[in-house]
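By written order: A, B and C. Residues from 1 in each chain.
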Amino acid sequence: MSRNSRRGPGALALLALVSAAALAFASHVTGATAAAAPGPVVEYWVAAVPVTWNVVPNGRDAIGHIVYPPEQTSFRTVVYRRFTRDFAKPMPMAAADRGMIQGPLIRARVGDTILVHFLNLDTAFNRPHSMHFHGVHYREGSDGAYIPGFSGPGANVKPGQTFTYRLVAGPDSAGVWPYHDHSPSMVDSIGGGLYGALSILAPGEPAPDREFVVYLESQLGFMTIDGHAFVGNTPVFHARVGDLVQWDVLSLGDEFHTFHVHGHRWATPDGAVRDTQTVGPAESYKIRWREDVPGTWLYHCHVESHMMNGMIGIYRVSR
Amino acid sequence: MSRNSRRGPGALALLALVSAAALAFASHVTGATAAAAPGPVVEYWVAAVPVTWNVVPNGRDAIGHIVYPPEQTSFRTVVYRRFTRDFAKPMPMAAADRGMIQGPLIRARVGDTILVHFLNLDTAFNRPHSMHFHGVHYREGSDGAYIPGFSGPGANVKPGQTFTYRLVAGPDSAGVWPYHDHSPSMVDSIGGGLYGALSILAPGEPAPDREFVVYLESQLGFMTIDGHAFVGNTPVFHARVGDLVQWDVLSLGDEFHTFHVHGHRWATPDGAVRDTQTVGPAESYKIRWREDVPGTWLYHCHVESHMMNGMIGIYRVSR
Amino acid sequence: MSRNSRRGPGALALLALVSAAALAFASHVTGATAAAAPGPVVEYWVAAVPVTWNVVPNGRDAIGHIVYPPEQTSFRTVVYRRFTRDFAKPMPMAAADRGMIQGPLIRARVGDTILVHFLNLDTAFNRPHSMHFHGVHYREGSDGAYIPGFSGPGANVKPGQTFTYRLVAGPDSAGVWPYHDHSPSMVDSIGGGLYGALSILAPGEPAPDREFVVYLESQLGFMTIDGHAFVGNTPVFHARVGDLVQWDVLSLGDEFHTFHVHGHRWATPDGAVRDTQTVGPAESYKIRWREDVPGTWLYHCHVESHMMNGMIGIYRVSR
C-alpha cells in the first residue's frame, strides 16, 4: 500500500455507494440463497471499506524504547468489514475482530454452506477487489482469483459492485484458513490489510472457550500482528486456568515466521510436541490446549528481527 | 549462471565428445551391470549438455502486463538430458519432461537398483559436473558430492568423462526426491538448471494417471517453475475428473516457498489437511488426489513477491 | 554482537566476581533445592562468561579456496559455560560441548526437575543476561523473558548476580529444545552465542550411542554450525556402523535452514521419510537412526548461499 495514498471521495460518496449496493443486493441475494445446497447455510455480508490505519497507535516500542510520530505509522488503506444483512449498515465488531486490521472471523462447521456476499466500497483507491478463500470447496466461479482470459466477475469486483461467493465446508475443511483479495490489485491490497480468517469446526468438535486470531503480516515496514506492532499495541489475549484456548495462526505476504508462546507447548497432528512452529505465506494452523499456567506470557514470532520490529504480544492467564 | 556466458566449442566438438564417450562407455557399463544387486535394474543414460534457455519464451508477464525482450530472459547454460542406451543419441523427451529445464524424471519402484550413467558434455563452460541423489541408498563412491581430500571420481566428472552412479530404492525411498550437481561447480550449475527429480513408487502403489513436476527455482532474477516464469510460459497441467493426479513439488536454491493449488486440498502424512505447504531448498513432497473439480485453476507459490515475479501457472481440469 | 567490542575489566575482576557469586550462591541454592518437587532433581551451574571467539580458526574455506585473516573472523563475546557445584570453578567440557560456541547440553529425563543456577559474569559488555528455556514446564518467575512492567529478576540478571531457574520435564517435554538469553540485551547476545540446548529422554527411551548437536546461526556474517564456518572448522562427527546416532538440530537468529545429511534418511513423527528438513528460528528436532553406511559424508544446510558461506561439515562412519 503506497504511503502517498490518495484520499477517497469522502463520506458522502461512500454512503451513496452503500445505499445503491444495498438496494441492488437485496434482490440479487435471494436467488443465491434459493440455489443453496442442502445443509445449514451461513451468510456473511462483507464489504471492502477505506480506513486510516495506525500500526502503532500508542506511538512506542515499549521494549526497544523508540518513539514513533503518528505520521510514520498511519496510512490510508482498504479492509474487509462485516455488515448486517443486505449491507444495511456496518455491524458492531465481535470480540474476536475488535481492533484488528483483518476482516471478520468467518465461523462455520463441516457440512455448512457458506455464502459470503461481498461489496466493494473502495472509494480510497477506486481499485477492483475480490475474496479468495482457502480450505473450503467451491466451483470455479467462486474462486475469486484473477486469471487473464479465464476468470469471471467474482475475481474483479469493481467499486460499487457486489458478488456472492458460495462455499462448502467439506469434511477436509475443518481447521483455520486464510481468505484474501486475489483481484488484479491483490498485492497492494493484501499488504494493506485486505485479508481475514475462516474457522471451521469438525462435526461434534466443541467450540473453544477463547479463540485468538494471530495474523502475521507487515505494514509500513513494521512486522505486525493483526495490523499492530509492539507490546502495548498488539492484542493482549486473556484466558483463565481451565479454559480451552485456541490460537488461529495465519500469515500472508513475503515472509516466513516461527510462532512461539512462552510457558506452553502443543501437539501437532502427527503427535509431535512443539512450542515454536514455522508459518509461511498463506499457511495456517490452529493450536489448542486446556490452560493450566497462570501468568503474564509473551507470544511472538521467533525470527529475531521480526520480534524486534513489532511482532510480539502479551497473553495473560488468570486463575 | 553468469549472464556473460562463454560460448562453447560448438556442435562439432560436442559430437566428437559424444562419440568418444559412447565408445568408452559401452565397455565400462558392462562391469557395472554385472555387479548389480539382485532385484530389477533400472538404467538411465543422462548427459550434462549445453543449451540456450529462455525463461520467458513468450516475452510477457500476462498478469502484470510487462513485456520482456528475449535478450533479458535468455542465457547459455548446462542441463541434464536423457540419452538412449550407451549414449547413442539424445532421447526424445517424455511428456513429463517436455519443455522443462530439469533433467529426466527418473522413475523406479522400491526394491529396484537404479544405474544412472552420467556423461559430462559441458562444452559451454568446460566445468566439472556430477549427480547427487536424494532419498535413495548408495555407497560412498556414488554420493557425487565434492569433499576436498575425500571424494572420488563421481564427484568431479570432467568434460568428456563418464561415471555410473549405483543407487538402490529402499523401503524408505518411496516418494519424490531431487537430484542435482554437487561438483565443485555446483552453485553456478544448479542455478543454471542442472537438477531433476526421482519418483519412486512403494510396493503395490498404483502409478498416478497424471504426474506433474513442479520445480521451484530462480533464473536470471525471475522466480521459475520448471525453468519458466509467468502464466503462458510455465507448464499448463491437464487432468480429467476421475484422474488420480500426483504433484511432485521440489525446490532448490536459496529461497523458501509455499506451494498452493486453488480449489483443492490434500492430506499430509500426519493426516492434516493443507492447501498451502512450505518447501525449502532440497525439500520435496508428493501430493495426490482423485480429481473431482472441473475448471481452470491457478497453482503458484504463495510468497507474494515470488508469485508476482513469475512463480505461477495454470491447471485445467476437464469433465 | 558489535565488532568494536569493548574489552572487559580483565581476568582479575572476573575472578573477584566469581568468588563473590559463589559464596552468595552457596547459601541461596540450598533453599531452592529444598523446595524442589518430588522426583529426581538435575542441577546445572551455568555462567555467562566473556570469550574471544574465532569463527574460522584455521583461516580457510577449504571448498571455496578463500583465506581469511584472523582479525576478520574473531570477536569478543559472551557465552554460557558450565561450572562445578556452587560455581566453584569452570567445569571441563563434556565431549558433546567441546569446541562449540553454545552452552552445555542440558540432559534430563521426563519426570525430572531441572534446576539451572545462572551467574552473569559478563565483564566484557557489562550487560544484563538471562536464560529462557523451551519445551519444559515452569512458573512465570522462571520464564527468563523481559516484559516491561511484568517480568521479575530472572529476566534481567545483572553482572555479578545469580538466579535459579526451576524447570520440570513433563511428558510433553521429551525431545530437543533451545535455551537462550531473553533479557533486554537478547538480540546482541544471541547473535554472539548466548544459547544452548536441552536434550530430554522419554521414559524408558534408551540414550543414543552418539549425540551430535548441530546449532545453526550466523556470526560475523558467516553461516555457522556450533559457532564455526567451513569444512575443517565445523564439527567432524564420528560414529561406527551399529551405533544408535542422534542429531539434535536447532536454529536461532533470523534465517530459515534446511538440514541435510548425505547418504541417510530419517522418519519424522508422522511416518514420512525425509533427508532434508526445514528448521526455522527456535525450531528444533532430533533425528535418530541405527548407523549402517560407512564412509565420509557431508551434513549441511541446503540453502545454497548458507552452505557456501560456511554451514557445512563432515560426518565420518567407520566399520
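Here are a few things to note about the model shown:
Quick note on the criterion: a contact is a pair of C-beta atoms (placed from the backbone, for glycine too) under 8 Å apart; a residue touches a chain by one contact, two chains touch by 3 or more.
Worth saying up front: this structure is predicted, and the values here are computed from it rather than measured.
Two copies of one chain, chain B and chain C, form a contact in which under half of the residue numbers belong to both partners. Its C-alpha atoms fitted onto chain C, chain A is found rotated by 120°, rounded in steps of 5.
Averaged Cα coordinates give chain B a centre that lies 37 Å from the centre of chain C. Counting partner chains per residue, chain C has residues 256, 268-271, 278 touching two or more of them. Taken together, the chain C residues at the contact with chain B in this complex read 62-63, 231, 256-258, 260, 262-263, 265, 267-278, 293-298, 302-306, 308, 314. Interface of chain C with chain A (complex): residues 132, 134-135, 137-140, 143, 145-151, 172-175, 177, 184, 186-187, 190-191, 252-254, 256, 268-271, 278, 280-284.
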